[in-house]
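We call the chains A, B, C, D, E and F, going by the order they appear; numbering starts again at 1 in every chain.
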Amino acid sequence: MIQNFSYMTHQVESGSAIVAGNTSVFSQNDPYGALMAILGMGIVFLILLLLFTVFSTTPRIYTPEFKVWLNSLWSRKKMAKPEETLEDIKVSKPEELSGEVNAAIAAAIHLYRSELHDYENTVLTIRKVSRTYSPWSSKIYGLRNIPKN
Amino acid sequence: MDLGTFEFIRQQLSELYGYTAFANVDWRHLVMICVGLFFISLAIIKHYEPLLLIPIGFGIIIGNIPFDVTADLRIGIYEEGSVLNMLYQGVERGFYPPLIFLGIGAMTDFSSLLSKPKLVLLGAAAQFGIFAAYSSSLFLGFTPEQAGAIAIIGGADGPTAIFLSSKLAPEFIGPIAIAAYSYMALVPVLQPPVMRLLTTKKERLIRMKPPRAVPKQEKILFPIIGMLLTTFIMPTALPLLGMLFFGNLLKESGVTNRLAETARSSLIDIVTIFLGLTVGASTQGDVFITPQSMMIFGLGAASFIIATFSGVLFAKIMNLFASEGNKVNPLIGNSGVSAVPDSARVSQHVGLEYDKTNHLLMHAMAANVSGVIGSAIAAGILLSFLT
Amino acid sequence: MIQNFSYMTHQVESGSAIVAGNTSVFSQNDPYGALMAILGMGIVFLILLLLFTVFSTTPRIYTPEFKVWLNSLWSRKKMAKPEETLEDIKVSKPEELSGEVNAAIAAAIHLYRSELHDYENTVLTIRKVSRTYSPWSSKIYGLRNIPKN
Amino acid sequence: MDLGTFEFIRQQLSELYGYTAFANVDWRHLVMICVGLFFISLAIIKHYEPLLLIPIGFGIIIGNIPFDVTADLRIGIYEEGSVLNMLYQGVERGFYPPLIFLGIGAMTDFSSLLSKPKLVLLGAAAQFGIFAAYSSSLFLGFTPEQAGAIAIIGGADGPTAIFLSSKLAPEFIGPIAIAAYSYMALVPVLQPPVMRLLTTKKERLIRMKPPRAVPKQEKILFPIIGMLLTTFIMPTALPLLGMLFFGNLLKESGVTNRLAETARSSLIDIVTIFLGLTVGASTQGDVFITPQSMMIFGLGAASFIIATFSGVLFAKIMNLFASEGNKVNPLIGNSGVSAVPDSARVSQHVGLEYDKTNHLLMHAMAANVSGVIGSAIAAGILLSFLT
Amino acid sequence: MIQNFSYMTHQVESGSAIVAGNTSVFSQNDPYGALMAILGMGIVFLILLLLFTVFSTTPRIYTPEFKVWLNSLWSRKKMAKPEETLEDIKVSKPEELSGEVNAAIAAAIHLYRSELHDYENTVLTIRKVSRTYSPWSSKIYGLRNIPKN
Amino acid sequence: MDLGTFEFIRQQLSELYGYTAFANVDWRHLVMICVGLFFISLAIIKHYEPLLLIPIGFGIIIGNIPFDVTADLRIGIYEEGSVLNMLYQGVERGFYPPLIFLGIGAMTDFSSLLSKPKLVLLGAAAQFGIFAAYSSSLFLGFTPEQAGAIAIIGGADGPTAIFLSSKLAPEFIGPIAIAAYSYMALVPVLQPPVMRLLTTKKERLIRMKPPRAVPKQEKILFPIIGMLLTTFIMPTALPLLGMLFFGNLLKESGVTNRLAETARSSLIDIVTIFLGLTVGASTQGDVFITPQSMMIFGLGAASFIIATFSGVLFAKIMNLFASEGNKVNPLIGNSGVSAVPDSARVSQHVGLEYDKTNHLLMHAMAANVSGVIGSAIAAGILLSFLT
């Protein structure tokens, strides 16, 4: 059953020297792909283990004290951002409790919607208003939308 | 030459007939058109991945309308100067997949993963399907480059498969892309039996702790650190992962909402339309229906099922080392493949079958988004080894 | 008045052999375009007649019985789609009656709008809400929007 | 060389003056700028097809700002490396028109046609204008290819005209496109006199049965069957009709709304902006104002009026064979040309003049969307015969 | 300190003859860029002064009488556009008065928003409606959205 | 060759290591990655121009992931066939900037300028920074073309700078673009000290008359007349100003809202993403960190500050000739540079510091949009003189 389809390679472009070089090493030394499997899985695990390590330690750095310190640092730099602290406080408290319940509701809504979504149309509430002309009004819009230039 | 009027009409009509599909049709065109119709039906009736299957299915029909390939009409996807050929450049030169990853990054919320980082390992385990398929492809006589391109089907990631095969085995882009997208669409069919086979009743009822809330700062740091960490070790993953993390930073930075919104709507939609259509159209029957294509489909299915196997098994192995309250429900192991969010939905559905109040969705999503990263890394590895 | 502008063809690319070949046949045998007109109109009518035939027979296949059968077939395959049958029932009944009236209303609204549409702005109702943070809430959004991967 | 300061300034200023429009202007630039201003005025004051006339009109102005063509400034649309030239590729290589058709497909509701399939024949009859223009163009000395490209103006379809002339007579893309779009914009002016001329008072009062409701399934089947049927007979219509039906399936499938939405908004808008601008700019006065262009405009107008004639006449012929309750109001015959939805609106407006309660809009739309299909088929026929 | 980096020009394309020609004239005759500054600023000012001249005279042309005449001209051409005259009347009256106040409000809103905008999400009010099927209803939508072709 | 298994593994691992960033890293990569991180922090923490700094910052990181440039992996922005290289074409061939200008035109309201046309002169005065930088660059040994490209940084306009340097000095696109965008982001830091230095307390309290209402007709005429006037004198400004005025006509015509909407949302967003990412990635450390780059940054800063100087001073000069009620508050002079709307916001902020009820925003906007036009004209002049 072992045959070779490389004759089909009718449109491979460029870099073929390198391809051939390295590949022939592989075909002769790893005919069953075992080494590729070991090396490959090793590297995948290595990288994702690193990700795991980094992101399982970051939350430990983000202690409430650290967060307060960081926020104070930021607020000094910026003009004033009370929302941020508020949000963080909200975040660091009640989610453990309601998570399970939220999950249930969320999943239910999700499933319900995904089953229905093509029998309904999503309609934006559109309101027609007559143009109240002012040289100022349009400008704010203009300003707020300029992404930069 | 000057012909008689009737002779001229007869000749014109006969030439015109020579242009029609009826003069050029072949059983393989008809088979492929039926495949296209089947894809469209799956999408509309069964709701399997319609955003992929409708463009691919209709693309298959477009690509298999028989025409006179010798007449230089510039219609076919392989004829230079045709519209399909121009749109196909994005597949052939591999720039659609990174743009898709940009959009995915801009719509993916990694906080499920950040809240339970150990689930990231499920996304690693499931990539074993790729390397198993690599071995099998070698055994069936494919060259190592071709084997690498075929193996990536097991990553369950359409754009990654197109990207890698455009680099390693452009002669197989068509069948590999079709196989990858087909199996992604068939996730709800292929995975549940494997999941039930490998798990005990008790395991299926395991409840996992709800994830913690992830502060905004961590979500902003993730794309930056993730980017540096993965691409320093595997720079060949840069085109895909660089774009994925870039998109995610646009989303999480909180100050570039309009760019993230465009990346995950107009931009990804336009690319999806063009990519699906041309991948479908690249299956022109006469070059597509070959023994190799059939083998590729077989290998893809095997690779996909092995990936599910190794994901679920690895979850069970993790439980051997986990303390009582920290066990992982192995029904989320299947989500290590990168078919987002389909395999996570399968985890949730199967989980609910056994316990109506046990919602696995969020945990499965953690494994699922890790799978996206894992399969892009695996693609980088194959690219490094085989070029 | 008959002259020839083909010398102007300064940038025609490729396939010129075929073009020339076939065209010269046409210029010599169909100098007035009459045959082109006959053949052309014939084919246009042929194709559109076929379209007409197919789509004037399909509704006959879609008898209420056939529809019920088809729906039952589909509902078995899918989980449960009661909306569909409902919709079809709605469809198969009252439209003949109200069509005329609807048409009048529709057309009136259409004309009214098309005359006015540049003197008014379409304004989307936009509501600012403070972010109620939850690790769950955003996910549903994320899930529902992932187009594939 | 070293010059005195004043001599140097004088020389620089003179060179600078050589760059300005004042040194390069020519009466033809000024004529074309006035044409551009006229198009813009028509769009703003008269509301004729503004989405076309504003980009084309401003494009004409941009294309006719006189500059020193010998200085290699890479400004002009015909200079390689200029932005306009890059954007013009989509016109020259013919890939904007299929993208426009994709968007049109995604916004067109074919149920008017499905509910009264016999009106499809009006869309066939109106294509006679094309073949009449072909004859006339031959008579005026154009080659058959040029004649084919000019004739398609009678199809009243801008993208089709650009597509066909890019294949058959690229030297005439500019005037053909401008003619096609101008006459489409002038539909409300050109058609009503012809319609009144050919119809009797009694005919104009004919009431047609309201269309039946079309079930979703039929609307899904239409793009698929329509695609197979038209392109099996005329594969050269594939680039346009394939995209049209693809867009329509995205719309009607019910499961790919986000793709349909993008195709009919961002995508078609972007292409419309680029296409309009560069078609306008391609009218650089010195290459545009020629006797041939004038003939093309004349032929286009004739072709357009003949198309209206044949549509209305064919409606009257159909009535000869129709039973009493099934007569067709010939005021919808003009809608067989593919200027959607302008000619349908003209039917409605003229109809209302004679009976304030007789709404012809929906019936006219059936003829109108058939005209889109009919003109794309006619383009395929010309392409088949003339390549 | 005067050295020359032109050897770095490793990828300048095309037109180099012209570039070299003209440039060398400049480097020899305008070594300090003074002439460039004078000519350049002169032209910038010339063009913008022209713009200033044109647009400070246009409002004088747009006298109320001229506007009424222009509107009457337009209205005759078009079917009837009463909104326009209304709007213009509104425009030509009360803006001088309320401009200052508007500016203050506008600026305040603008600043307030620009400081807050990333702590809030803009949410469109989306309403799901069940599809009321009619062969007419969808058509109007279709019609109004066809950009042309 | 056939190797022993362990020797083979060792060899593969060593080759793989040779691919990683660790084997290819260089201090310049790390410096640039820190610069990228700094840009991202500025954007997120300080809110300076996030729509630019996030893409550019992440682009810098992507462009400085070290990889083996000899292995033909097609990853780097300067390697043909890489995704980054394909996206970079829009920068290198200069077609992103005109598309950005199209979007800016479609979102800019010129009525502030129309209501007080004399403020247009502030937009002229601020361009003096450009010509001062040209002199300085010549003095530091740059060629006239390079000096022209560097000088445009003083125009405070990213797209204009990229466009001009792609034409005059493509070897410096990277540093020029980075400098231009950095200083635009630093407007709130760089300008206020200069403004305070040059103005007296009394001047800062000057109140300006509220602008008059601008009728729709004038707003429609502006892009048309503006277009003809500017490009007749300076045709080389056509690619930028043609697009700017085209976008503005789409906005103001009132009949092409959907095109204007797309131009100022999806289209400009997509181009912004690609432009920012690739400009950032073009800073590959080994080709970017050079003495010339450092000089360019220095010249850019100087040019920027001089521009602010000349804008404010010119406002004071205008006041010498203005009657009492018509004085200009010199705090809007800084807005003559074309960083829209940042410098106008700076005027408003600084103005409010001295009088809480004196809103300068609208007046500053007039100068600001004139600056956009002024800097595009200056670019046209440099292009005319130096090619």
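One rule holds in what follows: contacts are C-beta pairs under 8 Å (C-beta built on N, C-alpha and C of every residue); 3 or more make two chains touch, one makes a residue touch a chain.
Every value quoted in this text rests on a predicted model; they were computed, and no experiment measured them.
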Can you spot which option in D-E, C-D or B-C is basically A-B again, with over half of the contact pairs the same by residue number?
C-D
Which of the two pairs, C-D or D-E, is linked by more C-beta contacts?
C-D
Most remote chain w.r.t. Chain E, using mean C-alpha positions, is B
Taking each chain's centre as its mean C-alpha position, how far apart are chain A and chain F in Å?
29
Can you compute the centre-to-centre distance for chain B and chain E, using the mean CA position of each chain? Integer Å is fine.
43
Chain-centre distance (mean CA atoms) for chain D and chain F, in whole Å, is 39
Multi-chain contacts in chain A, i.e. residues touching at least two other chains, fall at 15, 18, 22, 39, 43, 83, 87, 91, 95, 99, 103, 106, 110, 118-119, 124-125, 130-131, 133-136, 139, 143, 147
Touching two or more other chains - residues of chain D
12, 16, 47, 51, 71-72, 81, 211-213, 233-234, 254-255, 258, 265-266, 269, 272, 361-362, 385, 387
Parts of chain B lying in touch with chain C, wherever the complex brings them together
1-3, 5, 8-9, 11-13, 15-16, 45-47, 49, 51-52, 71-72, 81, 100, 103-104, 107-109, 111-112, 115, 157-159, 184, 211-214, 264, 268-269, 272, 338-341, 344, 361-362, 365, 372
Parts of chain F lying in touch with chain B, wherever the complex brings them together
12, 16, 19-22, 33, 37, 40, 43-44, 47, 50-51, 54-55, 58-59, 61-62, 65-68, 71-75, 81-84, 86-87, 265-266, 269-270, 272-273, 277
Chain D contact footprint on chain C (complex, rising order)
1-6, 8-13, 15, 18-19, 22-23, 26-27, 31-34, 36-37, 39-41, 43-52, 54-56, 58-59, 62, 67, 70, 87-88, 91-92, 95-96, 99-100, 102-104, 106-107, 110-111, 114, 118, 147
Complex interface listing, chain F residues touching chain E
47, 113-114, 117-118, 120-121, 123-124, 127-128, 130-132, 134-135, 137-147, 169-171, 210-213, 215-218, 221-222, 225-226, 229-230, 233-234, 258, 292, 345, 348, 357, 359, 361-362, 370, 373-374, 377-378, 381-382, 385-387
State the interface residues of chain C toward chain B in the complex, per the touch definition above.
14-15, 18, 22, 25, 28-30, 35, 39, 43, 74, 77-78, 133-136, 138-139, 141-143, 145-149
